[in-house]
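Each of the two complexes below includes subunit A, the first together with subunit B, the second together with subunit C.
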Partner chain A sequence: MSLAGLELVFFLPIVWLLHWLGPRRAAWQNTVLLLASAVFYVTWSPRLLVVLAAAIAASFGAGAWLGALPTEGLAEAELVAVRRKRRRVVTAAIVAQLGLLGVFKYAGFFAQSLNALLTAAGLPDALPILHLVLPLGISYTTLIQVGYLLEVYWERAPACRDPLAYAVFVGFFPQLLAGPIGRARVLLPQYLVPRRLLANDIAAGAAAFLLGFTLKAFVADWLSPRVVDPVFANPAAYATRTLWISLFGYATQLFSDFAGYSLLAIGVGKVFGLTLPENFRHPFLSKSLAELWRRWHISLNTWLFDYLFAPLTTGRSWFRGRAGAGFLVVFLVSGLWHGATWTFVLWGLAHGLALAGHHAYDGWYKGRCRKDRRWVAARKSRSYGLVSWGVTQLFFVLTLVPFRAPSLGAAIAYAKGLVGLAGVERLAERFGLQAAAIVVFFVAYHLLEVGPGPAWKQRFLALPAPVRGVAYGLVLAFLMVYVPLGASTFIYAQF
Partner chain B sequence: MADRVRSWRTIALTSLCALVTLCAVDAGLHWVAPPKPLLEIDEAVEQYREGDPTVLVLGSSHARSFVVLGRVLAERTGGAERVQPVPVEWGKYTPYLWTLQHRLLPLIDERDARGTLVRPSLKRAVIVTEWWDSTTLDGGNGTITMSLPARAWRWKDFLADLFENNLTPYNQNFLQRVWRDVWPWSVLVQDRGHENIARAIRDALKKPDPSVARQAYDDRIQMWQTMIETGEARICDPEQMAALEQIVAIFKERGLDLTLLLYPRKPGTLTEKAKATTLARFSERMKTFADQHAMRFVDQTWQNPLTDDDFADDFDHILPDGNLRWSEWSLAGGLSFLVGEPRTAGGAR
Partner chain C sequence: MTRTDMRQLLLDWLDDNYHFGEAATLIPSDDASFLDNGILDSLGFVALIVYLEDKFHITIDRKSLNRENFDSLNKILSFVLPRLGA
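What follows is the complex of A and B.
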């Protein structure tokens, strides 16, 4: 089951009615959501539900143990012992969570890579290759749980004492497939109290759902089979212009697919009275990589920066004060998180190096600014902004070549094609009304965030309800005509 | 509290206006792209239940041509011969068999308290086929495009498959059908997957350039020609032929007069090479099969009165006028036996 699939039309109303028609108690609401999440999970893989349940039980138990070892008010000698114990508990719990992820997601990759090295050295293969089915959403649920354990360990969040609330916090079905990655401090308290059915939540949820569905089903699912998939399947055959069109098409598809899914999840969360974290904030408006990563997959990047970058660069290790090295580590981890292949490692390496370079440049530029204020004015100029925007977006789009390519060889073939060493084939389809509508929608979606855009948005929202109703009705009719039948799965579900 | 009430009222008003707009657009689109009701398995099964037919026609969407033929035949015989086509869209023999076993046999074999058949009139069965129906279930490309769940399943079949295989793209097709059944009057819902509305809007906004349309037509003709010419290696897939054997065995057990009909193809899609290879091999195999099972064999693949203009835009199905001409011609020739007594009527039944 997916949030953009037709089955949700049958599933969601039942869950919604059960959730709100029952007693207004957190226990009842959480029970309904937990059962719904289990049903949602079972439609993908019933056997692997056990793995998720075991992981949740383990992290809940570890959290409770940490909660039972408070450091406040302890004498120095006792404090040292408790801290040591807390460190052991959190280390064991995190190792268990990451170990589970490692076994399912990375064992094959590391075994294959090691065997390749051994073969290159003339030695026989040493490790068997495990072909395990990846539990649905394990990359997301692992990060949610590790984040929770660290928050409790650092005593920034209290240990959760309600197993039901905790299980829903980790496994709530809208976020199960592809996030957003919820944070314990923000999200967990919402599950501990009864939710109220508010008109504003329903309106916000419906709006997010409609926008998410448009992005996912209208934009991403149309682009994928027509513009992206055939070209990436055989890049060497296509002409340079087609390769560029396909690459920009992929950037649009990836954003629409993932941001669309996140909005669907946020919308579904809202109708249950829950506020899931924002995951995208118009990343194609970014004028620097640092800004882009604050706007793209926000929940993953803030997780990586809070729980990896910050401890790394402020701790006592060699990384202390070395932001560039920290960026490199963060993005190598991010690359590996996306998938256990060398193409993702290359993608992470490129972004890590670029961010480190940008950080150094930023430091240098600020130094100039301090000496000469004209540098400040230059940075604020329209031409500087335009060039920064162009360079940032071009770099981001280019790094999508290894991100999307099935192998390093295919990525190299694609990259060669982009600079002219290409074939002659073009896309088979002639693009008409729908392609134009997609471009207009996508550009308008971003432009509504700049200049007079937000004011126009507000003006629309201030229109009388019947006028807005007619507009929404027309949008729905348009989607019913033009959304392809049988929406594909979400790109980010595979991570 | 006042705010909250106003908010709910706003939401209700907005939703109502959206719904009214949607209904108005839907009603308007009936003019742009009027719905084309097609006989589907559910309706065919109901007709069988009510009608007690004398002739059962099992086939892919091509079986729908027998709706017209059945009308002509009923007129000629004063209603004595009643044809019941059961079209299994995207047909192959395995889904024909499933439909026969799960949807039709309960009606064919239904007996009353005294043990008498409730519908005793059935005496003939016609299996309508073409070479494509005998190829593998995935058509050779690894993707099962045939959609039995959307055409023939009921809730119990869906739930059984759901418990066995989880939710899959295959069984999700059933939900698509249910969704359509909920809104039978909505052209917006019924058009999903057909894209008739999008096509009509596109044509209304921009008249298709005749040279472009001609080129597109030629390209599609060539695609069909190539598909048929290269299909020889895939015809008569063992799994599909085993299903056909079972279908025939089921009909024979019930003493039915059997006919195997090779359905007419659009002349322009048939090259001399295709006639000499894929179509000739398929015809030979089916003729042998029919002879082995004492079935009547009628090959109309290109021996028919139809022209390219008698076929729909999909190059696959015959248009209403063509169906009428084909029915008259068939009943005067290869299918004239339908007017008379069957050669193995009654028997085991």
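What follows is the complex of A and C.
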């Protein structure tokens, strides 16, 4: 079952009615959501539900153990012993979670890479290649659980005592396949109290769902088979101009697919009275890479920032104060998280190096600013902003070549084509009405965030509910007429 | 170190690293959120933590690293000054 699929039309209303018609108690609401999540997951993989359940039980148990070892009010000698014990518990629990992810997601990659290295050295293969089925959503549920364990370990969040609430916090079906990655301090408390059915939540949820579905079904699913897939399947055959169009098409598709999914998840969460974290904030408006990563896949990047970058660069190791090195580590991890292939490693390396480079440039520029205020004024100028925006967006789009290409060879062929060493093929699809509608929609979606855009948006949201309802109805009617029911799978569910 | 001295030191750091002489005018009040008012971003907070630890030879534990302790001038002053014995 998919969040944009036809089955949801039947599944969601049943779950919704059960959730709200039963007693207004957290235990009832969580039971309904947990059972619904189990059903949702079973439609993908019944056997792997056991793996997910075991992982949740293990992290819940470890969290409870940490909660039973408080450090406050202890004498120094006792404190040292308790801290040591807490460190052991959290280390074992995190190793178990990452180990599970490692076995399913990375064992094959490392075995293949090692064997390739040995073959190159003229030695026989050392490791067998395991072909394990990756439990869907494990990349997301692992991060949710590791984040929870660290929060409890650092005593920034209390250990959860309610196994039902904790299981839903990790496995709530809208966020199960591709996030957003919920955080213990913000999301978990919502599951511990009974939720109230509010008209505003329903309206906000419906609006988010509608926008998410439009991005996914109207934009992403239209672009994928017509503009992106054929070109990436055989880049050497296509003309340079087509390769550029396809690359920008892929940037649009990727954003629409993933931001669309996130909005669907947020919308479903809202109709159950839950606020899932925001995951995208108009990243194509960013004027620097650091800003872009604060706007793109926000829940992953804030996770990496809080649990990897910040401890690394504020800790006592060599990395202390070395933001550039921190960026490199974080983006290599981010690349590997996206997928166990060398194309993702290359993508992560490119972003890590670019952020480190930009950080160094920033330091140099600040030195100029300290000496001469004209440099401050130059940085605030419109032309500086325009160039920064252009360079940032162009770099981001170019790095999507290895991100999307099926192999390093294909990525190199695509890159060569972009600079002129290309074929002659063009897209079969002409630039027609739907392509124009997508461009207008996409540009308008971003422009609503700049200049008078936010004020217009607020004015629309302040309109009487029936007027907004008619507007949403028109969008829905348009989608029903022009968009096939049921959308394809989501790109980020593969990660 | 007095509260006034520490406040000035923070403004100097913000000027030196981010706002180049405009920090005092950009911060609407000593209670104004750094994050919400664009005074510091998440990277800036990390740099500020390292600066405070190195400058005053203090250790800020992970439990204390949150908006409640570092998101405004007053919050930073209230958090850091007691740790200096001021």
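FYI, the second predicted complex is superposed on the first by the 488 of 495 C-alpha atoms of A that agree within 3 Å, B and C clash if a C-alpha of one lies under 4 Å from a C-alpha of the other, contacts with A are read in each partner's own complex, and residues count from 1 in each chain.
Just so we're on the same page, contacts are C-beta pairs under 8 Å (C-beta built on N, C-alpha and C of every residue); 3 or more make two chains touch, one makes a residue touch a chain.
Since we're looking at a predicted model, the values are computed, not measured.
When both complexes are overlaid on chain A, the residue A:R370 reaches subunit C alone and has no touch with subunit B.
Contacts of A:T314 after superposition on the shared chain: subunit C is touched, whereas subunit B is not. More residues of subunit A are touched by B (comparison of subunit B with subunit C). Once the two complexes are laid over each other on the shared chain, residue contacts for A:R84 go to neither subunit B nor subunit C.
Of the two partner chains placed by superposition, only subunit B is touched by A:E7; subunit C is not. For subunit A in complex with subunit B, the residues that touch the partner chain are 1, 5-7, 9-10, 42-46, 198-200, 202-203, 432-434, 465-470, 472-474, 476-477, 480-482, 485-486. By the touch rule above, subunit B contacts subunit A in their complex via residues 4, 7-8, 10-11, 13-22, 24-26, 162, 166-167, 169, 172, 175-176, 178-179, 188-189, 191-193, 197-198, 201-202, 205-206. Residues 154-156, 290, 294, 302, 305, 309-311, 313-314, 320-321, 323, 366, 369-370, 373, 376 of subunit A are the ones touching subunit C in the complex. Every residue of subunit C that touches subunit A in the complex is listed here, in rising order: 16-17, 20-22, 41-43, 46-47, 49-50, 53-54, 60-63, 65-66.
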